[in-house]
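In what follows, a structure is listed as structure tokens, so that the remarks can point back to it.
Every chain is named by a letter (A, B, C, D, E, F, G and H) in the order it is written, and numbering of its residues begins at 1.
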Amino acid sequence: MTTPYVRLDKENAAVLLVDHQAGLLSLVRDIDPDKFKNNVLALADLSKYFDLPTILTTSFEDGPNGPLLPELKEIFPESPFIPRPGQINAWDNEDFVKAVKATGRKQLIIAGVVTEVCVAFPALSAIAEGYEVFVVTDASGTFNEVTRHSAWERMSAAGAHLMTWFGVAAELHRDWRNDVEGLGTLFSNHIPDYRNLINSYTTVQAAKTD
Amino acid sequence: MTTPYVRLDKENAAVLLVDHQAGLLSLVRDIDPDKFKNNVLALADLSKYFDLPTILTTSFEDGPNGPLLPELKEIFPESPFIPRPGQINAWDNEDFVKAVKATGRKQLIIAGVVTEVCVAFPALSAIAEGYEVFVVTDASGTFNEVTRHSAWERMSAAGAHLMTWFGVAAELHRDWRNDVEGLGTLFSNHIPDYRNLINSYTTVQAAKTD
Amino acid sequence: MTTPYVRLDKENAAVLLVDHQAGLLSLVRDIDPDKFKNNVLALADLSKYFDLPTILTTSFEDGPNGPLLPELKEIFPESPFIPRPGQINAWDNEDFVKAVKATGRKQLIIAGVVTEVCVAFPALSAIAEGYEVFVVTDASGTFNEVTRHSAWERMSAAGAHLMTWFGVAAELHRDWRNDVEGLGTLFSNHIPDYRNLINSYTTVQAAKTD
Amino acid sequence: MTTPYVRLDKENAAVLLVDHQAGLLSLVRDIDPDKFKNNVLALADLSKYFDLPTILTTSFEDGPNGPLLPELKEIFPESPFIPRPGQINAWDNEDFVKAVKATGRKQLIIAGVVTEVCVAFPALSAIAEGYEVFVVTDASGTFNEVTRHSAWERMSAAGAHLMTWFGVAAELHRDWRNDVEGLGTLFSNHIPDYRNLINSYTTVQAAKTD
Amino acid sequence: MTTPYVRLDKENAAVLLVDHQAGLLSLVRDIDPDKFKNNVLALADLSKYFDLPTILTTSFEDGPNGPLLPELKEIFPESPFIPRPGQINAWDNEDFVKAVKATGRKQLIIAGVVTEVCVAFPALSAIAEGYEVFVVTDASGTFNEVTRHSAWERMSAAGAHLMTWFGVAAELHRDWRNDVEGLGTLFSNHIPDYRNLINSYTTVQAAKTD
Amino acid sequence: MTTPYVRLDKENAAVLLVDHQAGLLSLVRDIDPDKFKNNVLALADLSKYFDLPTILTTSFEDGPNGPLLPELKEIFPESPFIPRPGQINAWDNEDFVKAVKATGRKQLIIAGVVTEVCVAFPALSAIAEGYEVFVVTDASGTFNEVTRHSAWERMSAAGAHLMTWFGVAAELHRDWRNDVEGLGTLFSNHIPDYRNLINSYTTVQAAKTD
Amino acid sequence: MTTPYVRLDKENAAVLLVDHQAGLLSLVRDIDPDKFKNNVLALADLSKYFDLPTILTTSFEDGPNGPLLPELKEIFPESPFIPRPGQINAWDNEDFVKAVKATGRKQLIIAGVVTEVCVAFPALSAIAEGYEVFVVTDASGTFNEVTRHSAWERMSAAGAHLMTWFGVAAELHRDWRNDVEGLGTLFSNHIPDYRNLINSYTTVQAAKTD
Amino acid sequence: MTTPYVRLDKENAAVLLVDHQAGLLSLVRDIDPDKFKNNVLALADLSKYFDLPTILTTSFEDGPNGPLLPELKEIFPESPFIPRPGQINAWDNEDFVKAVKATGRKQLIIAGVVTEVCVAFPALSAIAEGYEVFVVTDASGTFNEVTRHSAWERMSAAGAHLMTWFGVAAELHRDWRNDVEGLGTLFSNHIPDYRNLINSYTTVQAAKTD
């Protein structure tokens, strides 16, 4: 097996959110903006829900790249936030790597903008240092499908695990019985189809008890 | 001119939301669920914002079609709500038509699920009775692009105006100076790209006053 | 209004199925074969369900064009079946036109293969003779999207109503109360998403009575 | 009816092939080159087959626009060929209009490169002078789908009939019995799926006589 | 070779159908519902045809996820059916693994909803325990193409064989002479194009004997 | 004819560029940014080349909508530039309408961002006042294809002519002999394929004179 | 390197054409029929041109699968032709393997219909026996993109080289100087864009010598 | 790891531009011409910016393949330029390989037309000789997506790193502080969205100092 199964473990995983900034988001054209924003917030919410150590970083927040998505700042008011003074690869920033090491986690869940740079560079660096890297492909955006597929191929060839936020949540949770309502709420808040299922179900259930 | 310019007027327009029900939404496959839900709520919010008379109707809410989107009920707690006992074309329901007539409005903004039935039938009936009909295409959903384009063609050929929620809001508002913040908030809440522009702008503006 | 609303009426409508033959179906590439077959059979089933006069015709059934879909023969064993000896436009065949006139109906619902020839030619001829023509776009197939859109545009410009089988069924039925189970069964047999809604609903309902 | 049915008549139709030149063909990106070349040659072959008066014209054949497709010259060695000295709209060239008038035909079948200029301009001019114009959309090419749809919409709104080569052939032929083998060969030479049907059919037929 | 050829063997293969439930199916948007339902039933039918041990499992069948597709229950009335009380990865359920082991088979053919969770998790777990895993990609569905490709890449990198139902059937059957009619019927029931070929062929054959 | 042929005349046409602002451009997602920017500049260059009166207008240039594309300011340093204080429909701004009337032109070529608002509103208003309106569809951008097609349909139904920049240039120029080099340069600067044709041609020509 | 560079060598390569039959071609829907037929014939022509040993095989040619493409029989009248009596994997047929071995070649260029069965099975078998396998992806067709990508992934993971006919021709030829006209003719016959380049070039060249 | 992370180093990288010729560019149909030209020039500009040794090569520049893009000649007037007399694989040309070796670089950044031949062949040859190869996928073009994906798969399987020009620039630059203005200008010249961000930002900044 090229890349054997490594299972996400909520006691051993950390989340790295790289450069989800208002200006850079206008560069993202491989995923529709409504869906992309939802995916990024879903990843943030699941990180909060599973209480994973989360590290935020930005590049030139006070320039044209624009500020970090305000929603992310609100969700992670206490998390390490590393505005990089210039390093393009977040892994070249000592404070960032220190913050990662401080978590003590060996499984890194990474998402960012744009995929082939802000995600791929730290992902490849972390793999080279022995971390297991899980790229959240649908919370990472880039210019178009050519740049996306090239980035995915490069990361996958180096041993990164390609996942999406829903799979990450499911793999971390393991068993619905750990908390049916919590996971259900997470899904309901970010998957309209799922919310519809629940609405339909609870309506019939409610009628039943009448 | 086949269909001359008729300009939406907030003193003369009403909104009809037809069958946005949890079950029926699973039939919608011509627009992505994240985007579609956003469009429907954007239309609801703009109707509220412009204080337009709004009429809600459903088909068999207590059967497999499922309940009306709860968000719509919350936004319009006082609006006429007509659960139809069986009429497929809402215009065949006397209460519905009475509610429309009670608004005194002559411009009807219609959206619903599915486009070729729940939207097209009342739209065509209303045109036949002399109303000006504005179909909100992006808040109306259906099975696929073939059904969508057939429905658009039929309605357009009968004289319906095809619009989208953003155009409806802009045409109703006329001038930003009527309320910059209100319209800006509406757009910011439903267009991630627009919110990013505002976030970037206000960040630089804030820095400027430091 | 270019093409005013004409409402399908089950007492005044007939169905014309033109050249749905095994060989010709291999020419259809604008709709996926699974979906296309389903749409054609859905149209046939609705015609049966509403007891509409239905006329079948083929072109060179014993040559490379192949036999009529056997399912259609089974559904309409008693319907007029006109194998045309050579006329490309079915309306050029006297027997076919006689069969149409014999129905006494003035609303013609037409579908066939391929759209720009076998559907468009009789549709245009019928309009020219004063019939109201309703083209079932999703039960009509052709080579690609260019041929399809050109055909739709030509027919629509001449006054044809573009519809799909689901809209036809809904417009004919008018009111669910006429027969909830019958229409529900029709939809359930041809719309997997709808069947899922019913399955989910009845499961919860059944549990409720336990 | 906006554009009533006008039926192509092989005694009253002429074909205009405008600027199918080697260089200009590299601008065509709305149809795949294999398919586009096939469509153009199919239109040429059908024109030959039905013995329609055909007029060829080019724009700056000895400059970067390149020579007329050699196949067209071979198929129509005797047809009027008008290399225009500069007029972009072929209808502005007196020799071209003279050649059209000399045919005595009132139905003009037009195709060319690029759709919104070389096809649309003479098509609109001819309509304005009272001709019935049939645009062969799949033998006309342009830069992309935006340019194509804009051109189709402009021509259709002015009364042009949008058709494709297969429909043109079928409408001109009227009845297979006029010449089964001739039309079958035309289709077999330009529709691989049709050729396959014939090959399969004749193979079984041949086996049958063994 | 990363993943050497392992050939499916009907004496050594078992089929695992994971969470094809009415509610969850509304989440599937990477394959059209008509086609997806057909693929799932084709896989079920081939499993029955080759008499493969088949295991069914569901997640919260009495909640919003909805009941197992009734057709699957009808096809496999005697097969092990494991409704999981909460485990997301079916492989975490002891009864499920026991049922797998009880088959004595070492080749596992897996399909389910959604691909990146209900299929990928047990597939990766089974590979890790030494099974050969064959994922039936077209009988597995998920939210969109991003989630699908990420899941495929993760499974393929771990050594899973990506196949589709038609390839599975062909690889298991080995030689048409084992049963021409049986395999032909399977294909005819689930591939409209194939059924058309057979209809055309038998029609000519029949004529031949007249 | 619904919309008869009206031919662009360089003595009677004016160009209106509406809201091509840096911020608003990030909302445009129905055309790729490289291509869209090229189309807008091509329209500007052709307006300059044909010496057409050109009017620029913006909405809130000093807010989040951002400044007018600097390239447009450079190309039209002397043209009327109307920053609107709040009117969404440019035609509601008296200065803008005055500037239009001051040109004395009756043919208005309009492009802008976004199509269904900034283009459609003044286009519809101008038609209502008797102008001939030519919408440059490929120099106008919007959120997605649903918003685009709805806007096109509404404008076309009201009598607007849908064109693209290449067609506008060709229709204004009429005859290459008016200025071969000038038009060739315009095309070469904005159509890479055309520039390649010229490069290849001139290379061989140059070799020929050696 | 997972799959190191192996360079096609015209002294060591053979071509296997598997099941390009008239009936089976109607199953191919992942490539347009015009393009697919062209690709298959291009591969046949290049095999002829480079004088590669070529082996043809079919499955049930006298049943619904239909006869081999007649063009292939004409191009390879003397080549081994193995109509398989039932084996689905051609490699299971002893005559076929004997014919392969008789060529003495170790590089096998394979194409066929459908990709995941008729191509993948013998490709995987040949790799397992030590051959270098080059799959010609664009001369191999299947039902849809899901089946195609699954098949590509399976073959690539097993060590197959994915190529297309143009690359195969170029790699075999090595140097244009071996025969400029021959290779040019091959490309010109199967790539319309290339033929246009040559036509434009030779036209200017010819003018030069005048 | 199949292909471990190798980081581009501006002291160790060279750029190879293969066959970006005017004629061959008309064969490129997997990327839009506006975007493709921009990508090629962006790669050239970044090579210049980072002062990387750059080698240009062409195939039959004085024949139908056409001349090298003039812009490339202008950007690299002093770079080695190797017009190949016939070798299809540039690596078969001794002068080309000598030029590569003369750079002393071990990381080769390659782009060209068409991807599966002019890029893939030298890329595979260079890998076989121990170079690290970085393919710039978006500055390499080919006939269609089938040829592209096959070429990517073959190169990736052999150990090539798939990148795009933006990622190459970012990886070479390492840290914005090395030269903010230089890299910003490069991006601004080739990414309209990025230029818009800068324009919006500097406008507000400028206003701030008023």
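Some notes on this structure:
Heads up, the rule we're going with is that contacts are C-beta pairs under 8 Å (C-beta built on N, C-alpha and C of every residue); 3 or more make two chains touch, one makes a residue touch a chain.
Since we're looking at a predicted model, the values are computed, not measured.
The minimum number of touch steps separating subunit C from subunit E is 1. Steps from subunit A to subunit G, taking the shortest chain of touch contacts, total 2. Among the remaining chains, the Cα-based centre furthest from that of subunit F is the centre of E. Distance between Cα centroids is largest for the pairing of subunit A with D. For this pair, subunit D with subunit F, the centres built from the Cα atoms lie 31 Å apart.
Note: centroid distance subunit B to subunit D, computed from Cα atoms, is 43 Å.
In subunit C, the residues that touch at least two other chains are 2, 23, 26, 32-33, 64, 66, 144, 191, 193, 196-197, 200-201, 204, 207. Under the touch rule stated earlier, the contacting chain pairs are A-B, A-C, A-E, A-F, A-H, B-C, B-E, B-F, B-H, C-D, C-E, C-G, D-E, D-F, D-G, D-H, E-G, F-G, F-H, G-H. The touching residues of subunit B, when paired with subunit A in their complex, are 22-23, 25-26, 32-38, 61-62, 64, 66-67, 69-70, 191-193, 195-197, 199-200, 203-204, 207. Interface residues of subunit B facing subunit E in the complex, by the touch rule stated above, are 26, 29, 32-33, 144. Those residues of subunit A that touch subunit H in the complex are listed here as 2, 23, 26-27, 59-60, 63-66, 85-89, 92, 114, 116-117, 120-121, 124-125, 127-128, 143-144, 146-147, 149-151, 153-154, 157-159.
Considering their complex, residues 1-5, 7, 31, 137-138, 152, 156, 161-164, 166-167, 170-171, 173-178, 180, 191, 193-194, 196-198, 200-202 of subunit D touch subunit C. Every residue of subunit F that touches subunit G in the complex is listed here, in rising order: 197, 200-201, 204-205, 207-208.
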